Amino acid sequence: MTALIFPETVNPHGTLFAGAGLAMMSKAAFLVASRRARRTVVMAGSEKIDFRTPVLPGEALELTAVVTRIGRSSMSVEVTGEAETLTTGARHLAMTGRFEMVAVDENGRPTPIAIPKEEKTQ
Amino acid sequence: MTALIFPETVNPHGTLFAGAGLAMMSKAAFLVASRRARRTVVMAGSEKIDFRTPVLPGEALELTAVVTRIGRSSMSVEVTGEAETLTTGARHLAMTGRFEMVAVDENGRPTPIAIPKEEKTQ
Amino acid sequence: MTALIFPETVNPHGTLFAGAGLAMMSKAAFLVASRRARRTVVMAGSEKIDFRTPVLPGEALELTAVVTRIGRSSMSVEVTGEAETLTTGARHLAMTGRFEMVAVDENGRPTPIAIPKEEKTQ
Amino acid sequence: MTALIFPETVNPHGTLFAGAGLAMMSKAAFLVASRRARRTVVMAGSEKIDFRTPVLPGEALELTAVVTRIGRSSMSVEVTGEAETLTTGARHLAMTGRFEMVAVDENGRPTPIAIPKEEKTQ
Amino acid sequence: MTALIFPETVNPHGTLFAGAGLAMMSKAAFLVASRRARRTVVMAGSEKIDFRTPVLPGEALELTAVVTRIGRSSMSVEVTGEAETLTTGARHLAMTGRFEMVAVDENGRPTPIAIPKEEKTQ
Amino acid sequence: MTALIFPETVNPHGTLFAGAGLAMMSKAAFLVASRRARRTVVMAGSEKIDFRTPVLPGEALELTAVVTRIGRSSMSVEVTGEAETLTTGARHLAMTGRFEMVAVDENGRPTPIAIPKEEKTQ
């Protein structure tokens, strides 16, 4: 999942607004958790999120999300955001975070994730 | 800081998209930290964020942000979001989070926060 | 209700787009009228709105809304917007306006506002 | 100037959010005043604005803006918004408003509008 | 249909983001096709679209859409976008495109367009 | 590049607004062309774009963009969009398009793309 930073998400100081960065990381976490669980998932919360270096206009933000833990109905997703200056290819680690996602049924209650045996050890 | 949840920030399941909640909490943290430091502040990251109960369309989300720690150039801000059904006044705690904010100079480098002595003990 | 002015709502001349200011005042009026009536409210219109001084990027816009008149099913709400330079705390009155709000039933027709006796004299 | 109402500008009750209607009327006023003055214009405020009938999703909102008064550096612009059900062509008057616009120089100060003599009598 | 280009739709190089131009042309095509067919219409695709000259902030983009072909259930719509510098009135052709629109029934299937005989020869 | 379709980009008929699909395809084309040329690129236009099947809320849209032709200063980029129902993994081809991108210098004039010899034959 790659996003281009356009001026609309820039703060008054000319860098990516942290709130927009959080929203993009959330989408990446939501996507990868939905694919793993094949259920509706909601975000229960996040653990430590770090903004390492600012993202500038004209940079692309490339987000990588990985499911790192699968419980009965919850998952942990680690998201990494790397910024790339499009005209040079130079890259820097911009942000990292861990999100807790929960699979829910149609009433919004936690529901077990059906996982093939071999994946559970992951 | 109070926000009305309009459909534009709702996810496919009809509740407030978590990413939008994170963005709103960020703005509240940014606002209160800027006022305390009277400097440009950026978000260094967040500690544990919890989404307790979903926010529904037609509810107002009222965010309260408090500076709970002041260091040399950094601050911790705790943000609480309460949702209110506008037609009844019923309220529920929707989300809580802690954000780390840093005062920066015009080059984006951490800069000391000038704090009156009596506030430092807080 | 406090809003930060981010570049996305800025006009080509670098100040807050008046239309965005109107939208923010509307939300504040909607919120306070909904809370007073505890009914669905819609905006019937506005009386004189004044943009006194421009709001600049990096300023926070703090909106205060007060119900100044309650009729059978309508209310008048006065909204004041003060802009604050976050790095100094300097403030200026940016905009004022009066909005007429109407409580409606599920068919969108005006419906009486149930008001405790002592409030009616306000 | 014609706008389609998409769900993103709809309020929780399924009709066009009044704030979005105000923003659209502002743009129409800004456009026609800029064309008449051929100067940068800003909105000084608005006189009575009426929301006559709600605008529904799937309707197009057609805005007509007319300069009705030209002063030394200010103009009055009347804006009318008609909603049209696209599948039938049925139309209803949705909103009207009057906006006061001021021509400004590069420092944001009022500046005279150069008007051909024959137009001044309009 | 006239649109003002505000900074929110500008790319990092300070001109109108092409994607925003495409979205605006789509809306114009959707509007004129809906009016001609008086049915729900969807976009089947587009033929050659040309971005001739960049649109700059502060310019108004005026879009003209014309139905140029009517088939059994499909229509071709040609859209032209002219940019106007509001402070001078200078205009330049900014973009042109042709869009294929299809009238659909409530299940999303193509449905015949009822056209008066005299219009069919157009 | 993967995007989640949230209600904000949905048209009144509950499917992805074609204009939003065009904007997303444009971003993908812009990204891949910028990476290939390592220059500022602008969109010159598009060839045939097809919307094959509608994209529904709750689906993820996965865009794949490939540079298929490199000229002196222009490139052709083919973009394919596949929609995926997140709860089942079912996929369908939703849209395809070809975009012409041009590398430009700081004055916005076409500039040669420096390409390693072995890539030119591609």
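First chain written, first letter: the chains are A, B, C, D, E and F, and each begins at residue 1.
The definition used in the following text is that contacts are C-beta pairs under 8 Å (C-beta built on N, C-alpha and C of every residue); 3 or more make two chains touch, one makes a residue touch a chain.
Since the model is a prediction, treat every value here as computed from it, not as a measurement.
J.: More contacting C-beta pairs: A-F or C-D?
T.: Between C-D and A-F, the larger count of C-beta pairs in contact belongs to C-D.
J.: Going by C-alpha centroids, which chain is farthest from chain E? Tell me that one.
T.: B
J.: Using C-alpha centroids, which chain lies at the maximum separation from chain C?
T.: Of all the other chains, the one whose centre lies farthest from chain C is F.
J.: Approximately how many whole Å separate the CA-defined centres of chain C and chain F?
T.: Distance between chain centres: 41 Å.
J.: Roughly how many whole angstrom separate the Cα centroids of chain B and chain F?
T.: Centre-to-centre distance between chain B and chain F: 35 Å.
J.: Between chain D and chain E, tell me the centre distance in angstrom, where each centre is the average of that chain's C-alpha atoms.
T.: 22
J.: I'd like to verify one number: the distance from the centre of chain E to the centre of chain F, where each centre is the average of its C-alpha atoms, in whole angstrom.
T.: 19
J.: Among the residues of chain F, which are close enough to touch at least two other chains?
T.: 7-8, 13, 17, 27, 30, 40
J.: Across the complex, what residues on chain A touch chain B?
T.: Chain A reaches chain B through residues 13, 15, 17-20, 22-27, 30, 40, 42-51, 54, 97, 108.
J.: Which stretch or stretches of chain D touch chain E in the complex?
T.: So the residues of chain D in touch with chain E come to 1-4, 27, 30-31, 34-35, 38-40, 60, 84, 86-89.
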